Amino acid sequence: MAKRIGILTGGGDVPGLNSVIKGVTYRASEAGFEVTGIRRGWEGLTHVNLADPGSRNRYVLGLTRENTRTIDRTGGTFLHSSRTNPVKMKSLPPFLQGQEFPWKEVEKDGKKSITYDVTEQVKKNLKELNVDYLVAIGGDDTLSYAAHLNKAGVPVVAIPKTMDNDVRNTEYCIGFSTAITRAMDAINRQRSTVGSHERIGIFRVFGRDAGYTSLYTAYVTSVRCAIPEYQFNLDKMIDLLVNDKRNNPSNYSLAVLSEGAEWQGYEVQHYGAEDAYGHRKKMNVGEAFSDKVKAATGEETIVSDLTYDLRSGEADFVDKMVASTFAGMAFDCICEGKSGLMTSIVNGCYAMSEIPDPRLGPRKVDIATMYNTDRYRPTYNQKLGLPIFLTKA
Amino acid sequence: MAKRIGILTGGGDVPGLNSVIKGVTYRASEAGFEVTGIRRGWEGLTHVNLADPGSRNRYVLGLTRENTRTIDRTGGTFLHSSRTNPVKMKSLPPFLQGQEFPWKEVEKDGKKSITYDVTEQVKKNLKELNVDYLVAIGGDDTLSYAAHLNKAGVPVVAIPKTMDNDVRNTEYCIGFSTAITRAMDAINRQRSTVGSHERIGIFRVFGRDAGYTSLYTAYVTSVRCAIPEYQFNLDKMIDLLVNDKRNNPSNYSLAVLSEGAEWQGYEVQHYGAEDAYGHRKKMNVGEAFSDKVKAATGEETIVSDLTYDLRSGEADFVDKMVASTFAGMAFDCICEGKSGLMTSIVNGCYAMSEIPDPRLGPRKVDIATMYNTDRYRPTYNQKLGLPIFLTKA
Amino acid sequence: MAKRIGILTGGGDVPGLNSVIKGVTYRASEAGFEVTGIRRGWEGLTHVNLADPGSRNRYVLGLTRENTRTIDRTGGTFLHSSRTNPVKMKSLPPFLQGQEFPWKEVEKDGKKSITYDVTEQVKKNLKELNVDYLVAIGGDDTLSYAAHLNKAGVPVVAIPKTMDNDVRNTEYCIGFSTAITRAMDAINRQRSTVGSHERIGIFRVFGRDAGYTSLYTAYVTSVRCAIPEYQFNLDKMIDLLVNDKRNNPSNYSLAVLSEGAEWQGYEVQHYGAEDAYGHRKKMNVGEAFSDKVKAATGEETIVSDLTYDLRSGEADFVDKMVASTFAGMAFDCICEGKSGLMTSIVNGCYAMSEIPDPRLGPRKVDIATMYNTDRYRPTYNQKLGLPIFLTKA
Amino acid sequence: MAKRIGILTGGGDVPGLNSVIKGVTYRASEAGFEVTGIRRGWEGLTHVNLADPGSRNRYVLGLTRENTRTIDRTGGTFLHSSRTNPVKMKSLPPFLQGQEFPWKEVEKDGKKSITYDVTEQVKKNLKELNVDYLVAIGGDDTLSYAAHLNKAGVPVVAIPKTMDNDVRNTEYCIGFSTAITRAMDAINRQRSTVGSHERIGIFRVFGRDAGYTSLYTAYVTSVRCAIPEYQFNLDKMIDLLVNDKRNNPSNYSLAVLSEGAEWQGYEVQHYGAEDAYGHRKKMNVGEAFSDKVKAATGEETIVSDLTYDLRSGEADFVDKMVASTFAGMAFDCICEGKSGLMTSIVNGCYAMSEIPDPRLGPRKVDIATMYNTDRYRPTYNQKLGLPIFLTKA
């Protein structure tokens, strides 16, 4: 009987995922493998009831050259996604309720709750689906469960994606280049409106823990930036922007901020009513910074939130190239009988690496070589020897 | 001596303004006129101190074929803009302080204040600059002062611009088509991310008083929309979106909301600390609607704010065509010795119209012919006889 | 039994066709009609063998909301197209060979041949398919047969499309705006390469008989143009371009030529070997003009052929708006029991017009109001009273 | 006195050159260097007459933060370019005629001619301009003279650019990524028109000697390709395309050909009249291949020439990133007192390499690892260990 590869995408979507799905399907089908798409990330393996055709239809999709032929021309993920983590389930899927699964008590914000580990169910479903190998594409969360499942006996090959580019053990994650492409385009397009009104333009981009998106956008647009890895001095940043504006014949200036950026003494503000969990909305750092700029200088500002647009649309050249290459590497890895590895770029070259240990947290910008703490912008010197994407795994 | 045309842009910038500036300059210079650019809208005529070279340099710029040759390749306004209204100045410019100008007391939110009318100074400056005719490009505010100044004896020709398309007496304002182009692109690009996560996507666009931007975006993207002219029923809209989502094989649905859209019973929420004027930030209707959707249905949402992006970048084909044509019409109008008129499109054809009376307020979407109050989407039937842009002046 | 509408697209594809197909399908299905897509233009009605499931599958496709939901997001035509004209068939389809059909002898280039009229078969097929009304979308050729078929007793409503915009009785054909959008983008993108090498850039665009595409591209990019309606003077055009180049601080100049443009004394050059019909390739006018420029001036040139790119990709805002509106008008027309009419824009407003008489040939640019024969560029003056697209039906 | 850096761009322009020029100017001016722009490549050093202000103005431009601030937002080269090679000048510049320069007799196509070496003049001009170091940006030709001049005693640092990506000693040349970006976009946009007519689409891209542009475009668009490094079998390629078409539900297929691609037995065809040098135009390989496809299969084809568009417009993210980094490396290199080196990427990392020996000719695609000679498409397997751009220096 033909060998069968399962494939799923977890976490936030990025352009390029469909190139991976297509690439694995094409390579595998040429070599006589079958390919099974698992829909909605790990949820497809925790929630599916294989005895129920409706549920099966909802969560399982056989992949062929025919049904993946055109998917690489759009962003997002053809298999859809979710944030389910099978070792940390807050409740059992309806279909499994009443069954016994390992659980533990966790405490967060002084509140205790229980989480279940349904790995046994995941393994059972994969077995029933005759999946011999699993290709799991995702960011930190998805990858950490991929490693867990591999240790539990299912051969898994992982592929890193995130527009934040903050997965450890690789210098590049699918989606990063397209995110910078979008951010660069948006900022350059909006220059004319910021300039026409002689304002200070503040752009916010995704990046809670790591500043790569903000930093690389700044690198190619020549604007100031703030990143989570370095708390900036509020007065100094404002001074720089006011000076930039004065020196600009069009009398405007720009900065790009990671959503996780902070200044020294910054306190997140909340607003709105409490939701069911007692949480209020956080005021985004772009708006908070804008308030400070206006108060300190009387200058008008524009706050532009570049969020979903950065993950929208078709993958750019680099993301298509890397996605197709990662797909091929994952398949080659399977053919060589290896598993528990992640496709990656290390020192500028394609490599198979360990799936990162989630306890280490996200990869961070190396301030010393990449961020000029004096000028709040990227450094442009001493790049000799660095990999092409300017950062080391 | 050669006749001289002054030109200025007021209010928010839109792509296409530079085509007007270039068009007027080219036509006028070919015909032996001189052209003087007034910078920063009416502020260039209220704040300039013509005796001071620095001030003159800041507010006055001679326009030639050479310095306007490439300006139509970028958005915004080469002459920059401001929101100054010479009949409603909250304080006199520093240079004029101590001088006498007509003033009146106004009351807003129970608070009294004084506003000055510096029209005499505007006229004096225009005379000193030897400006024989003025071309004023802008939205409601700019146009209303254009009419005022024309009555005060300065020959003025007006050109309407606003991406809201809500100026009266014309079916089209420069910037509208580019705004829809951007919104359409953004929504279609973001479909993949809304779909990958099976969410309800909520897009907010500019449009405080009139819903044209929301409505036309919906017309060409086939999504639900809400406009300021019609208070929708919250439950019904949510039902429609949940149904759309269920019927969509990709399991998502979309709506576009004008910033001024409201549902029956809607109350604007405020957040953040009070600013110097005692104002707190308004929660935008997209976020407020998202909260309602989540509370009512448990569905996940994405709120995407399409604001500055809609006025960013280069003008599209229609805006370049109309802008160049309006420029030519304004110049032809001057040559024929007419003034106090506005270039416009009426019944699908180029026309010179009265500058609209500001007391009538912005032009509004005609609900009967354009908005389906049953389905919360544009109507697609009975368009016979309507002008190409589907709306009447 | 429900009424049934057939729909087909003929001739060259343009962006916007899919919005028409979707629009008709949505409107019709909401009103309880069935919709049958005829594939490959009129060929679907001349070549289909309804008794053969394979043939039927090849040429007939039931249209529903489900299978047309996403088609408006891509260019081209979902139903595919061909250049078949049922009254001028050079040979009978294999399936009909041996049957009797009206024929006539035609002579072209001194060579006699026979053409068949298979209208009876077309009618028979439509009857068997239970098609009560036909919506035919196309350019001159498709429309002329639409009129013929309507006279022969099948109720047909026609919708004009062509990026050349040269169909009579309408000021606008679907595809025109997107073509100008693409041409404008390409020319503005290529300025930097023409300029970096200080060359004369020559752009060729489609338009054998009418110069609208060339003229409107020139209107919004401020470059010289040549159109089929006016034979230019070669020396004068070269002088203008050399002068433009000299006056341009970047030392380059640009012209856009319709494929059918000619100078006084121009003779088409041929090249390559004869094909089966004794035809050799025609050298395009862009290359021929480039040779003349180089010979006369020693200047370097760049010839850039903007052909298929002008009809590629997604429809722009205007084409989506007009296409959706035309779809609605066609359906409204059917509901009112009218046929033999074409959706159109007349005097800037949506109208139902006569399908143009093919003997009148394509609509042409009005030199007097649109083309400056002295400067070889569009006129920018005296546009008052013209429809928004600057041309009359 | 401040040190002075000269900078020039030679050969064909690509997007990204302006980021280098700006980058060097910014870094250098911050460090207290002066920067002199040499205009029109090496011509600026062979043809300038420094005693003549007009000539000096034509060829020399002081570069500052102010005049380079916005140049990175457009493609092309702010300094303009030419193909002048100071060691191979066919005639002396007018200003130098009568002076003595080394010359040699060369023979080409049986025709003898003389070329001059004006390096002494180049050195003299650089000395008079007080240029201490020269940054030369270009492809093979420009770089080879850069190496020559360095040996002749002028410290030169070279930066490789070419959208063909075929410079030796580096894996990446500025302009390559943008070229693929443009080609990928054009092909994906044109799919709908090729498909609507059920044709075989043939795309021709630049690349006389090396097939990188064709190969990488094929890699990210999943189409067949032909490259100069491998003569394909005509029948086999046609079979593959006819098969692709048949297997495609939209019934079309695509191939991309380098301009230098050939099939076994291919002979270039010429057409048109002889020019002054006795040369006739070459028929491009796309058209020639199209003729063969039509003759062999009766299928309709579309030939789309993607030439100048590939070097048009703004640089993409990768080209901006690499260009800025190369600029910084060139400046760092100068500060360290090194010269005669070229910025490069080797094994995926930024490096300073030898300027390649022109006698080795262009770098070529490695067929064994990159081109599937059985399927006429890129290989997607065994990429482990390769640098991110899949090719080794």
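Labels A, B, C and D are assigned to the chains in the order they are written; within every chain, residues are numbered from 1.
Going forward, contacts are C-beta pairs under 8 Å (C-beta built on N, C-alpha and C of every residue); 3 or more make two chains touch, one makes a residue touch a chain.
Note that the structure is a prediction, hence the values are computed from the model and not measured.
Among the remaining chains, not one touches chain A and also chain B.
Chain B and chain D have centres, each the mean of its CA atoms, that are 44 Å apart. Computed from the mean C-alpha positions, the centre of chain A lies at a distance of 35 Å from the centre of chain D.
Among the residues of chain A, none is found touching two or more other chains.
Taken pairwise by the contact criterion, the protein chains form one closed cycle in which every chain touches exactly two others.
Every pair of chains meeting the contact definition is listed here: A-B, A-D, B-C, C-D.
Those residues of chain D that touch chain A in the shared complex are 22-23, 26-27, 66, 69, 72-73, 172, 177, 180-181, 184, 188, 216, 219-220, 222, 248-249, 314, 316-318, 320-322, 324-325, 327-329, 331-332, 345, 347-352, 380-390. By the touch criterion stated above, chain B contacts chain A in their complex at residues 9, 12-13, 15, 40, 74-77, 80-82, 186, 189-198, 251, 269, 271-272, 275, 281, 283, 287, 291, 302, 304-305, 307-309, 311-313.
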